[in-house]
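Structures given as structure tokens follow.
Both of the next two complexes hold chain A, though its partner changes from chain B to chain C.
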Partner chain A sequence: MAVEPAIEVTQIALTLKEQLPILQIVVPFVAAPLIVFFGSRSLTWPITFAASAISLWISVALLLQVADGGFISYQIGGWAPPLGIEYRVDAANAYLLVLISAISTVILPYARKSVASEVARRHHTLFYACYLLCFTGLMGVVITGDAFNIFVFVEISSLSTYALIAAGAGRDKRALTAAYDYLIMGTIGATFFVIGIGFLYMATGTLNLADIAERIAEHGGNRTIHAAFAFIIVGMGLKAAIYPMHLWLPAAYTYAPSAVSAFLAATATKAAIYVILRFVFSVFQPDFAFQSLALEFILMPLAVLAMFAASFIAVFQSDLKRMLAYSSVAQIGYMVLGITLLTQTGVTATIVHLFNHGITKAALFMGAGALALRAGSSFYDRIQGMGRTMPLTSAAIVIAGLSLIGVPGTAGFISKFVLVEAALDKGWWLVALLVVFSSLLAVVYVWRVFETLYLNAPAAGTIRQEAPLSMLIPLWIMALATIYFGFDTQLTLGAARTAAEGLLAGTTGMLK
Partner chain B sequence: MEITTAIILSMLVPFGATFTNLIFHDRENLRDGLTLGAAIVTFGLVLTILAKNGSATSETLTLFEVFPGVDIAFNVEPLGLLFAVVASGLWILTHIYAIGYMRGNKEKHHARFFACFSFAIASVMGIAFSANMLTLFLFYEFLTISTYPLVAHKGTPEAIRGARTYMSVLMGTSIALLLVAVIWTYSLTGTLDFAKGGILEGRVAGVMVPLLLGFYAFGIGKAALMPFHRWLPAAMVAPTPVSALLHAVAVVKAGVFTMMKVGIYVFGIDFLAETRASEWLMWLAAFSIIAASLVAMTKDNLKARLAYSTVSQLSYITLGVALATSLGVLGGGLHIAMHAMGKITLFMCAGSIYVATHKTNISQMTGLGRVMPITFGAFMIGALSIIGLPPMGGSWSKWLLIMGAADTGQWIMIVVLMVSSLLNIAYLLPVVARGFFLSDPENGGPVREAPLLCWLPPALTAAGTVALFFYAGTIQQFLMPLVAAN
Partner chain C sequence: MADIFPVAFLYFLGAALLLLLPKGPARGSLGLLIPVLGGIMVWFLPEGLLWNVRFLGLELEFMRVDKLSRVFAVIFSIAAFLGNLYAWHVRDTMQQVAAMIYAGSAIGALFAGDLITLFLFWEGTAMASVFLIWARRTEGAYHTGMRYLIVQVGSGVLLLAGAALYHRETGSLTFEAMTLGSLATWFIFLAFGIKAAFPLLHNWLQDAYPAATVTGTVILSTFTTKLAIYALARGFAGTELLIYIGAIMTLFPIFYAVIENDLRRVLAYSLNNQLGFMVVGIGIGTELALNGAVAHAFAHILYKGLLFMSMGAVLFRTGTAKGSELGGLYKTMPLTMIFCVVGAASISGFPLFSGFVTKSLVLSASTKEQYYFIWFVLLFASAGVFHHSGIKIPYFAFFAHDSGLRPKEAPKHMLLAMGIAAALSIAIGVYPAPLYALLPFEVKYVNYTTPHVVTQLQLLFFSALAFAVLMRTHTYPPELKSVNLDTDWAYRRFLPRMINRVAPGLWSVWTAKLNFWQERFNDLVRSLHHTHGPEGRLASVWPTGSMVLWIAVLLAVTLVANFLSL
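Right after this comes the complex of A and B.
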């Protein structure tokens, strides 16, 4: 299937509309050093928010251009690929760009109070600078069409993430070891990834993803390419916290400042999953990845294991944030499972779950942060009975919790429905049943939170006051979004379907 | 008013009552008055639909397309309308009763209680008017979630345990089985609409038909088919108005209603009859009827006994569908109304006894009939209706079910229904007999009824069971389109 580019790009882009792909990255990237340069605490937050909001606007504009299935190819500096770096926007990554920038724009107003209470004042400028770098990195990973460029952006986002997690040390010193763990694991992941890219470059002589894809399709695979594939999947699997490479995640999400946990949980692993999708379907072609390498028989059991093992561990946690982190590992299992189905419905399920789980988890972590603001921590014995003292925060947590279970009328239901449908369509009976059975574990761990919040007396020594409005409003925007996207699926499911179609059609080739 | 507007309003009005309860949580007369108003308006809306639409199937109102070919959509058809009339009508009486019970009993957290109650009614309206399986499933889950706080209401360890059982059985079955059945149906047919004659014919064959039916039948946990009936006795820790409306009318009837919808509109009665896919369900329902009655006999706690009686009676309706014949379907449909009226009477009487004397066990109620003659009188009438004796409404639905069994030559089922009636006598009438004919010095004294708001509603519903005896024919006529040839 030949896909036409959405915009005919001449050698050098001239209008603002044509410059949108690079502005998507440049705006937050430049804003980060600006914050440090001004060094003024009063300017820090407004600049961060403005950069994030502009990014959101750009990403929506990009999504609108590619929503019908075309793509935009942007050549940096007018240097044509494969020599120059190409940014390529299609439905799959435009969707992710919107997700990441929208989550960031909603979380930032929340972050203001939350960060003020959890991070020392003198660190604020650097904190927000790191935040913007992390944001830039994630956006870059998603937008670029160049393999080495992906690595560069992965490193940008990872390095800043280590710093962001360590910023939680003001509240709990264990944030430092969590950041250190992630530093080691993340570096191993990035190294594996870059080794894989190196092998690919060795075998094909190019770094442009579309170009690599064309050459693999022409010349077929060889051992180097197989090895490259393995390195890339393992490397990105580490970043995506695919079970059993998830060990860095629970501690990192638990001890990071609440706003950071919310942002990372909703976006960071999602970007990594996207890279895996892109490599498996656009670069290597599914036939190669699955038939010759039998990837489904490696990834599918791991996905199922994640769904059960991580959910099971989540049941026994006594800290809300830690429970949510383990639940994330389980949910990533659903996304990986969708990939291994190798059908359009399966990939649609993965992509729509990226979005739906993103907003759900963001809402839950924001709720946890709001509770922690008043209770001092998110341990169950501290937050118990908060349903009475913080009714609005708790109600939002209930809504998002129901979405995490996948109750109809919430976003989580939509992705679960599509995933089960995909498994049934393929005739994978057992897998469909395993998905629903594992979501019963979600009922257990979510209900434990509800009981803690509502059926206990508040703990002594907690502040009995509702969270400030600046936290409540973003929290409720997210919570209501989980309901809205449970009914109106035009945007989410529609875009996911277009994206899956595009991915399964294989590569669109180089622009000659 | 357009029918579609009335449908939407009949859900929005109780939904709005949820919020008036929360907003005016400390002004109890205003709060309870507004909810009563909402109940009356809701009933009025349902009657408007009834008057306008009769027993036709109305046009479908579509709100969102959630998946290709599957919408959030509503319409009116006879069975749903009957369910809506029963639930919204009894809501008015139960609300009055609940005000008396909650105040008389000095229960706490009234606002939260009535808010969840109203939300549950809104969900029931959604179930009654849903035009496809997805919409029904949506409101089915809303109903589970909104009734959970009602079961856990007292906050005692016992209530929390009961609520946990309630939650885990209902949510567990619906997620693990019903959802799979729904998606499987969608995967087979590409639609989930309720259509006359079913949507599955020609799409699924062989052993897969009873298997799919099994996913539905066990997935609809609210129908309390054994072995997934444990939630119903567990829910009896809730305050009695909850047991009365929700666990004798709304929640359990939502279960069997869904069962009937699946039988009539998803599988199609003819398809079930042809493939004999529902035969196993018939036997299981028969087992549930007898086994639950036997368990009921062993219970000394009055509410527990009534709960097991409900488990048994619900299986009548499941049996009606499983017979896969017109008379069975009509009998099942009729039994939704008849059992609702009878059982709500029994539960409200049990609550009145509790409010007046704080007694929960049958063995403590010796001689109480002379102290509370109206309550025990109403209990007796309700019990006779459940047993199925004329001139109470319950006799007609049982009659139709027996005719249905005879129609298909299932003689054993006739025996089951007969034995069940005998068992009903054995576990319901001793309560009345003990109250009126035995005496206990502890329960002596002059007539001392529960507060007016507690004894009046059951007296009215008891009268209702008698009225239903005479209007059964009308209801049966009303349900005829369900079984009319295509």
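Right after this comes the complex of A and C.
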């Protein structure tokens, strides 16, 4: 049973369609050094955008191929797993690939003006090269079916992220300490993760996820595997900013250039959550996850704690970007909560929230960046009264804010609804109530933004001008998307259900 | 069925288009065009369930068309048209868009076939309408708007809670006739009751309506409360409790209305009183009574809008709507005066005006079902209405002592809007058959019989006589420059003494309790701020070392938990 799929797909891929999984990674990965090689500032942005757009096109093509619940296995260099590296695309990660590449493709047009105002011109080529590497890394983490390869891509994305965050130093020197903190924390997280993989290798003798899953299923768990589970959860939990391992996140998102904040907030933590999902449900035996006290007694309380503590902190913030960062920590709590329910509906809630929160936060951070462009910073006392001077930007922020609260008719409502439904299905009434109550805190912090923008007089010395069109259009695409996906749930919820089904099928899901 | 879509969307589209058009006639025209298109659509819609959408496994019916929803939608369309015509001069984007969304949500709620759709539009009316109050852009208007919003959203939350419980109980979300009894139906009943301004739940109305802009009040007075009347008629027709609630509603505002000085607030009280007639009709619940309630709502929207429009015009021209500062305006605003008198005659139920033909349906229904006491209450209330709305409003504004104000006549578009409303009010009064044809049930009723006309005229003339005598003898509560209840000697003598004895005790208990909870709440916020605030331990920037330490701790705990779970 173990060898069957390997035999089945040993023929060498020839057509373009069959090469799509590797092109998904190669295109942005090659574009990054190309930018530096050309060194031309006028070519930088077009190449970046083209790479991102091509990636989006490929990921949509991949999603269409696997939407019915099947999977694509691609062997790099024709080396069959477990020896070679395998890319494995199923509904769960194709969905993530689309999310990441779509958000990147929408953010890039926005980034052009935003980055121009926040990063020194001479750094632009390097900035976009880092951006593409980060993008490649995130896509790679999601697409690969090889445990060590995940680590490699995590490192690629992390190292470039540190540089991207540090690029905010032109505006505020604190970006440097934020990047440094993240560097230390991120490295520790990645180290834990690689230790966990080492344990797994030790116990199973393979690095291919499907293979590991199968061996664990065959031989059952032992101490080594349990240790691996703990290291992987904590290591990836750090990258995902699960409370209280979120401490790097607020500063990083606050001081990074706005476009970077928008991109990272919408994608980076989501990729880490995906890895956790993949390991918890596909790699380790499902029964193992069910028996584990770690999820129910450690991660679940932490998730609930995040929902409240981070929301309270967000309520008291006086800087829009920092507030959004803390709100992200709270929202990650909802995603983790969905995982710890260990039911199909719970996982569906997590996956659909990955998507919905991604577009919501992207819109909000883009809005914050647009305000900061005109006001100089995103502090409440600088951006107050901007509802009058920047009506379009402010209106988009309000729409996305409603989605952040989870008002019916917005994307945020869908995911919270599914999450509450999942908690109720499991009979966790208290948890369902807590989800609703913590949403009320979101009402408070979003209201503060609304009040600042619309009900206060404008601060003196701000530029009274709407944001440029190249920033407004992406912002509004995201804001309208939050409304659209609040009504059309076929794409998001449907795909999330298929993905959750695949993930929860456990080892069988990995082995077809 | 592809060509049928919810009428509400037409209004929302209109609201979006408004933003694209330049301020001025173009926007004004769109504001008139949309209600006309919507009205035509409503008129020609076939009956049945026309448009639904599946959402999270729920079947949401956006377009349930039957006679009851259609008649309300027709009058809402007319009212939206008149309101926008009246507001032709307004150049404030916020008000225009809010009015459009408000009207659209209200009409959307009429066609809602299930409780969730109803809830969505219910909240839509709340959110949109508050901007009509905020549009005044004063500190007071802001706070009033906030209070209004809290009450309205509260009503929506109750409705949602009720809907959820109802779904659990019956497994259905269809919005249909319900019987009071379970917690679910009580929640829904209360939600409707708040919007219908039941006694003790009514304060938001008198608080908010006079605080809105000149044009905002006209639009506000139309939709929210009548939407609640519609909802009650659909959900709780024949609930006996409503008869008594309605009877109280017709009575208590009269006393406030008599001593109130702000004429727009007088109208707000009389609005409450008129709602009472409709609630009684719904409570009786026979075909005749329901027809009466619906017809009365129809006529009421026209003449109450007309009265608010005329007072709005006075406020617009003079800057005040206080009885004590007005008077003698008939000299320079004769047309406004005439329209106001038409509105006053309609609300008082003069024969040949709309109030007469609709109110008498409710009155007859009450005698037919042997609610003689209720009949008497309604009769008394009718006299009261005539007194405070029929006489007091036009008298103090346009006649009384000459205030010396010589404002210009109201602008043309306002006159046109008032003229149409006045013409419709008279038309209904003279020839009610077309209105009767619209009603949910067949009408077999003759209005203009000798006893009806004579009874009504007697009532009106004696009421007028009383007013005249009081004015002659100078015992009528004078139009003092005050806003509170200190006019009548009876109030001065007895009530204050009673209140002074009881109130301080009650008051101190109340404030002590309030203070206690306020303190607790403040303490909570303070301690949260201490821990979670920007300077707090949880939000401050941690040294890298301690971050790492915590991760190590977490890893250790996770490892232990994992080993334990073996």
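Operating definition for what follows: the second predicted complex is superposed on the first by the 493 of 512 C-alpha atoms of A that agree within 3 Å, B and C clash if a C-alpha of one lies under 4 Å from a C-alpha of the other, contacts with A are read in each partner's own complex, and residues count from 1 in each chain.
To be clear about the criterion, a contact is a pair of C-beta atoms (placed from the backbone, for glycine too) under 8 Å apart; a residue touches a chain by one contact, two chains touch by 3 or more.
All values reported here derive from a predicted model rather than from experimental measurement.
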| item | value |
| --- | --- |
| Contacts of A:L455 with chain B and chain C, given as first, second, both or neither | both |
| Chain B versus chain C as contact partner of A:F437, first or second or both or neither | first |
| A:L56 touches, of chain B and chain C: first, second, both or neither? | neither |
| First, second, both or neither for A:F487, with chain B first and chain C second | both |
| Partner chain in contact with A:I184 - chain B first, chain C second, else both or neither | second |
| Chain B versus chain C as contact partner of A:W447, first or second or both or neither | first |
| Contacts of A:S318 with chain B and chain C, given as first, second, both or neither | second |
| First (chain B), second (chain C), both or neither touched by A:A495 | neither |
| First, second, both or neither for A:P408, with chain B first and chain C second | both |
| More chain A residues in contact [chain B versus chain C] | C |
| Doubly contacted chain A residues - partners chain C and chain B | 408-409, 414, 417, 455, 487, 489 |
| Touch list for chain A against partner chain B, complex | 402, 405-409, 414, 416-418, 420-421, 424-425, 432-433, 436-437, 439-440, 443-444, 447, 451, 454-455, 487-490, 493 |
| Chain A-touching residues of chain C, taken from the complex the two chains share | 53, 55-56, 120, 142, 528-529, 531-534, 536, 538-539, 541-542, 544, 547-548, 550-551, 554-555, 557-559, 561-566 |
| Chain A-touching residues of chain B, taken from the complex the two chains share | 63-67, 72, 134, 137-138, 141-142, 145, 149, 152, 155, 160, 164, 167-168, 171-172, 175-176, 179-180, 183-184, 186-187 |
| Contact set on chain A toward chain C in their complex | 180-181, 184-185, 188-189, 192, 221, 223, 226-227, 229-231, 233-234, 237-238, 244-245, 247-248, 250-251, 291-294, 297-298, 309, 312-313, 315-318, 326, 408-409, 414, 417, 455, 487, 489 |
